[in-house]
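Common to both upcoming complexes is chain A, partnered first by chain B, then by chain C.
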Partner chain A sequence: MVPFIFLASSIFIPFNDNWHHIVENVLLDYFVNSLSLAIGVGFCTFIIGTTTAWLTSVYDFPFRKIISWLLLMPLAMPAYIIAITYVGIIDSTSFLPDIRNLFGAIIMISLVLYPYVYILARGAFLEQSKELHENSQILGASQFQIFLKVSIPMARPAIILGVTLAAMEALADFGTVEFLGVPTFTTGIFRTWFGMNDTVTATQMATLLLSIVFIFVFIEQQSRKKVRYSENIKTQSKLNYRITSKKNNFFIAVICIFPIAFGFIIPFLQLIYWSIFISNESWDSDFFSIVNDTLLLAFLASIIITIISLLITYIKRFSPKSITNKFMQIITLGYAIPGPVVAIAVLIPFAALDNYINQILVVKFNFSLGLIFSGTFFILIFAYCIRFLTVSSRTISSGLESISLATDDAAKSLGASTKNILIKIHFPMLKTSLLTSFLIVFIDVMKELPLTSILRPFNFNTLSVKAFELASDEKIADASNAAIMIVLAGIIPVILITKNILGKRNKV
Partner chain B sequence: MNKKLIISDLSLDFGKDKNNRKILSNINFDLEESEIGCILGPSGCGKTSLLRAIAGFENIISGTILKDGVCISNSLENISVQNRKMGMVFQDYALFPNMDIKSNIAFGLKGMTKADKEARVNYLLKLVNLDKHKDKYPHELSGGEQQRVALIRALAPSPEIILLDEPFSNIDADIKEDLVTDVRVLLKELSITSIIVTHDQYEAFNIADKVAIMNNGKIEQIGNAYDIYHKPVNKFVADFIGLGVFVPIVKNENGIFETPLGLLDKNKFHKDEMKYKNLEMLLRPDDIIHNDESSTKAIVIEKQFRGAEFLYKLLYNDKYPLLCYAPSHHDHRIGESIGIELEIEHYVIFEK
Partner chain C sequence: MQNTCFFCNYKALQVILVLIFTFSPAISNASELNVYSGRKAKLIKPLFDRFHAETGIKVNIVTAKSDALIKRIEAEGESSPADIFITVDAGRIDRAKKMGLLQNIDTTYMNISKNYIDKDKKWVGLSKRIRTIIYSKKNVSNNEITKFEDLGKNNWKGRICVRSSNNIYNQSLVASLIINHGEKKAEKIIKNIVENFAKKPSGNDRAQITAVAKNECDVAIVNHYYYIMMLNSKDEEKRKIAKQVDINFLNQNDRGAHVNISAIGIAKYSKNVANAHKLIIFLLSKESQEWYAKVNNEYPVHENASTTDLLDSWGKIKLDDSVINKLGDLNTNAVKLMDRVGWQ
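Take a look at the complex of A and B:
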């Protein structure tokens, strides 16, 4: 929280020349580009996500099960990696259009983010009652009319939620737009800070971006509430009918394979090709020490974040009205805040604190500790907390919510103490959510780019930073080893998510 | 005093209610050892809150709850849920989904050897014919089976009182009747003091020795099923329990009370009832007899076939709706005029 008070307070610092320069020359560009990116990605993910969700939940076609699973695979691919790969592919041919522009960035980001919409929309479609669909058919609606007039409107909260999440992620994106050379707020902040060395202006821009982000957060939270309402309506039987039409089978399968091919298979194969035939980077000890560092960092961060989330969630369950709880709600907005903004927000106060402590030490004891917080793992993990606490606490709290309060009461009436309830009932039931939270944060930290590259300790490197550095130095093929590792790690949570969805379906 | 449970002047609220209304006010209720009590009322009347207060989940603001003459709740102190020796069966059963049936039942057993626990669990499972399901998980059982598991789980630690919150509300109608009887037999066999909360009067009448009718956080009447049906103390109870209609009573110039359907017998009145001017009388469907010979006629406006009998809804004199049971061979058309006569055992009269 404190970091963001610092951010907000930057508005009161007088604007300097750089600010005026930026406002006059580039701010409009940043604004238009960032917003177009968010809206463009929102639109594309909506089209790809709802179409594939609809086709896989209503039609029966060859390999439907495996295709509906594979449709999630692009989630494993960070947007900057897919962008790097396509730039590499396009550079080696002459006939493909250049993607180093806003349009390219929209396509790249949408190709890996549409699964957000896909998962949520598909979930909502499958929850819709069979009776409702049959009723629409009896009333003479065609499949397409049902899709447009019944299914989409009913799934609207879920779809809006998915689209907003994708748009927010696009707004927060740094790696892709930086690599494709699209000037946006995030890259602008980065450049102002490290290129022009102007912390004040960078902070002011970060504050501006933050206020735009909050508009999206508002939309997202509203739709989340609605999703909850609509889920409360109990349906007699779930949508589980399948339409088979021999004529269109092939066509439908092809439509669904498109996003998988472009969002995952083609870039992944390209990475493997580079890694085997072109890359100059070998799988040597240097590389493995980076792998080692990355895993260690991710492990530490995810353990810490999962524990904090567990605490937050318990506060929420046992004292839903407490001030701490309100405070926690604010803290968990972090996922929406772009990496560079988080970086600035934590760096400024901690650097000031470091300076202050060292000044006192020097005056009193004539001795200096050097950097205690900034430039250490502490600040890095602190920043990860801000960024990833939301994902983690949502996972755990949905796990905890599934344990009804009556269960606690039942245990109490059978004489169990609070400690016993935690150990014998909550923990066994929460195991999966804790593990899921751990893994999701783990992979997110592995993929994370801007925070890590700004806040990492000196001489410390992660796979994502390494891959991005190599790619930015025009050594795209050399980045493939690190990229493959990231993608492989990213597949784990995708499998987890799928299992989760399948598990839920089986229970029904 | 050998009452098992005494609730006196109990009040309860959940802080700021919009209308500053108490959830429960001035509740008085008691149970003898091994008596089965039932709290019956429409949804939202506060019956579940009362049960939760007895269990110790809610803190009361005034009054006392005594168990075996010892105070377990008053406005100042509450013995914790864990130490009340009460078992509770929850509406949605609240079985622990992560444990199999035998672990669910054994959960509340303390200070026993493993073998003793196992014996107790097996004994209880046999009691409700579920012994073959002991290794299954709750979601593998049907609603009725889950309900029985919840019941024996609550009974396992041998509680002194068992509380059942709408235990039959999720049970299909066709097996409910048998289950209600089975549960009553079981509770009586174990001679355990029980309180059941329900909104279903047939459930209440079939299971309980003593029924308390609750409305708006207050108890309206306490009694056995017969008294509550035939001697309701106020209009709410009369209306809520069973079927019936009200007809006005007027005193004619000769000082004789009469209804639109005929004269009434003064001797069947309570003395104080005659003091009031505007009275009305409850007529149950069994108070009106269908008789083709009768000169009093009413028009059939609705009818329900109930197997052995018809329930006719009639209109008398163009303004008084009446209900009447008739043997089902007396099949009359809607719109037909049929003969009826009054035959009332007890007068149930209220001031209008």
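Take a look at the complex of A and C:
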């Protein structure tokens, strides 16, 4: 909570000249661009994510299994890397349109973020019952009508969650929009901090951004309150694949391959080309120790964050009116705050605490411990929590929401203890959400850049930091090894999660 | 039941792991030096490794954006483990100095020109980078332009490419114009230049060079070493692009071409001041200085250090180096100026 109070308190510092300068000259641009970016990314990820999720859930077509997990792969691709590869490709041809504009930024970011919507929507579609679809068909609905009027509304919480996450990440993005030359709120925040050396105004801008996000999320939650989406009977049989005509099969496969090709295969091949023919970097032991550090950090962080999210979600379920719950709701907005702002917001309070402890130690024992919290892994993981609890807790809570409260009551009336309800009923039903949360946080931490780079301890390096250092030094080809490794490491959790979703299907 | 227990144990194991991980405080050690570097690890660590081999002093390093590191040093205050701070531009190191984060350096044994030493001796330069123009060999004749200010003239309409004004090198460049011309005149010059842009600024310096080769514009404002990187690239396409352009150092008949530096200072609360000096003297030695030229094609600050054949072939370049000390002061003004004239 402290970092949020820190951010919010910036509002009470009077606005200075820089603030007025920004309001007069550039704020409108930032606002319009950021809003268009968020809406554009939200829209594109919605279209790509729900379409592919629907097709892979309902139809049977050649290579369906492999396509359904390949559709997740773009998630492992950092957005700024995909932007750089496409600019590289476009620059070496003369007929492709320029993507160095707002439109290009929306496409680039959507190509790597649609898996959020895909993964969540697919999970929700697969939970829908076969009977429901059959009933709709009997009532004369076409497949498309079912998709539009039954499946999407029923999967609404999951889809909205995916779209919100994608839009929030787009708002906080710096690397991609900066590279593509789109001035947004986030680039404005850094410009104010770095260019004008004015952290106060930068923090005020971040608070403004956060307030806007808060309003949107609040409206969405209010609108959701009116309806609870859980099917009453959980024993219905799950959706089953339909076989369609060969012509359609081919068509469906092509549609699904599109986002894979553009979001993953093409940029990945470009990276491999750079890595083999142009890169000066070698795959030495130094490189593998970085791989090791990255995986360990991502693993630890995603486990810790998933556990904390689970706690938060249960507080929300069992005591939705408590003050703790209200605080938690605010904390889970961290995803929309740009990384460096999170970094200052955790660094300043913890460093102050460290200094305070050291002062006491020096006075009493003439002895100093150095930095205990800041400058260690503690602060790094804490900062990840601030940033990624959003993804994690929302994923888990959307899973938990689909377990109706009536289920709990039924179990209780049969004499089950709360502990038993959690372990025997909730845990198995939540497994997909927990794994999804773990996967997304794992990949996000692996891709995370500014927080890691600012807060990390000495001599600690991650793939993403390495890739960015080389890429920002305009040695993109040299960055390709690290980028490839991020993608490859991302495959492991992707396979894990897909197996889980597919495994569920096989049991039917 | 077994299932539950497994879960508990697993959780306990994680907690222990995390505790081990987190509570290994960063305590400064006398035989080690802690460096916060705005310069990329790749462009400095090999020198630290050599220093370690020669002196036995191990150098620990954290790299990030200079501004973020400044904030980190400031927040950490007296407990900060940082001994050395390195930036890739004069403005940032000067900012650290103004915030009282640096201590005096004894520059007695340092063989560099006074323009590359802070007037209060809080920092020294490590290497020089020149920001100038490259031009299309096809569309621009060799002496069509000699002064940066002339880029604002009508005949350059729609012919100039440059990256975003978020970039520190552009901010320093504009700051240098403010110092040389005063804010009003500088604003007029920049406004004219912005009106001559061929397109909205985007991409990095290499992208600007590529744009010139693709005839999207005729000149681009870039740092000299990016051009050399493309000339020496392993990628044939990049070399082809670089061969279609040539470099031109501006303002050779007056103040000299715009130059910026990477710089180094000793953190105020460093506990290893003697070793910190040793490291700085090592980085300023002739051998280390020649490494900068070799690895990143930057110009050394050491007066007698040799450079590469290519840098030599460009001859002695007149540099606008008397303003380096003041770039930091005018950075905010530069940013606001660029906002006002619409340089995105």
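We take it that the second predicted complex is superposed on the first by the 319 of 508 C-alpha atoms of A that agree within 3 Å, B and C clash if a C-alpha of one lies under 4 Å from a C-alpha of the other, contacts with A are read in each partner's own complex, and residues count from 1 in each chain.
Everything that follows uses one rule, which is that a residue touches a chain if its C-beta (ideal position, glycine included) is under 8 Å from a C-beta of that chain, and two chains touch if they have at least 3 such contacts.
Everything numeric in this text was worked out from a predicted model, so none of it was measured.
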- prompt: Who does A:106 touch here: chain B (first), chain C (second), both, or neither?
  reply: neither
Message: Output check: A:407 vs chain B and chain C. Expected answer is one of first, second, both, neither. What do you get?
response: first
- prompt: Given the touch rule stated above, what does A:183 touch, chain B (first), chain C (second), both, or neither?
  reply: second
Query: Of the two partner chains, chain B (first) and chain C (second), which one does A:337 touch, if any: first, second, both, or neither?
result: neither
Message: Contacts for A:416 in the overlay, against chain B (first) and chain C (second): which applies, first, second, both or neither?
response: first
- request: Report for A:206: first if it touches chain B alone, second if chain C alone, otherwise both or neither.
  value: neither
Query: Can A:355 be said to touch chain B (first), chain C (second), both, or neither?
result: second
Statement: Between chain B and chain C, the one with more contact residues on chain A is chain C
Task: Quick one: classify A:298 as touching chain B (first), chain C (second), both or neither.
output: neither
- line: In the complex, chain B touches chain A at residues 55, 57, 81-83, 86-88, 90-92, 94-98, 107-108, 110, 139, 153-154, 156-157
- request: Name, in rising order, each residue of chain C that touches chain A in their complex.
  value: 3-4, 11, 14, 17-18, 21-28, 34, 40-43, 60-65, 67-69, 71-72, 75-81, 95, 164, 166, 168, 171, 200-207, 210, 214, 226, 229, 233-235, 237, 331-332, 334-336, 339-340, 344
Message: Help me check something: in the complex, which residues belonging to chain A touch chain B?
response: 404, 406-407, 409-417, 424-425, 428-429, 507
Field: Residues of chain A touching chain C in the complex
entry: 18, 21-22, 25-26, 87, 91-92, 94, 100-101, 178-183, 187, 190-191, 193-199, 277-280, 300, 303-304, 307, 340, 343-344, 347-348, 351-352, 354-355, 358, 368-372, 374-378, 381, 423, 450, 453-461, 465, 469-470, 472-475, 477
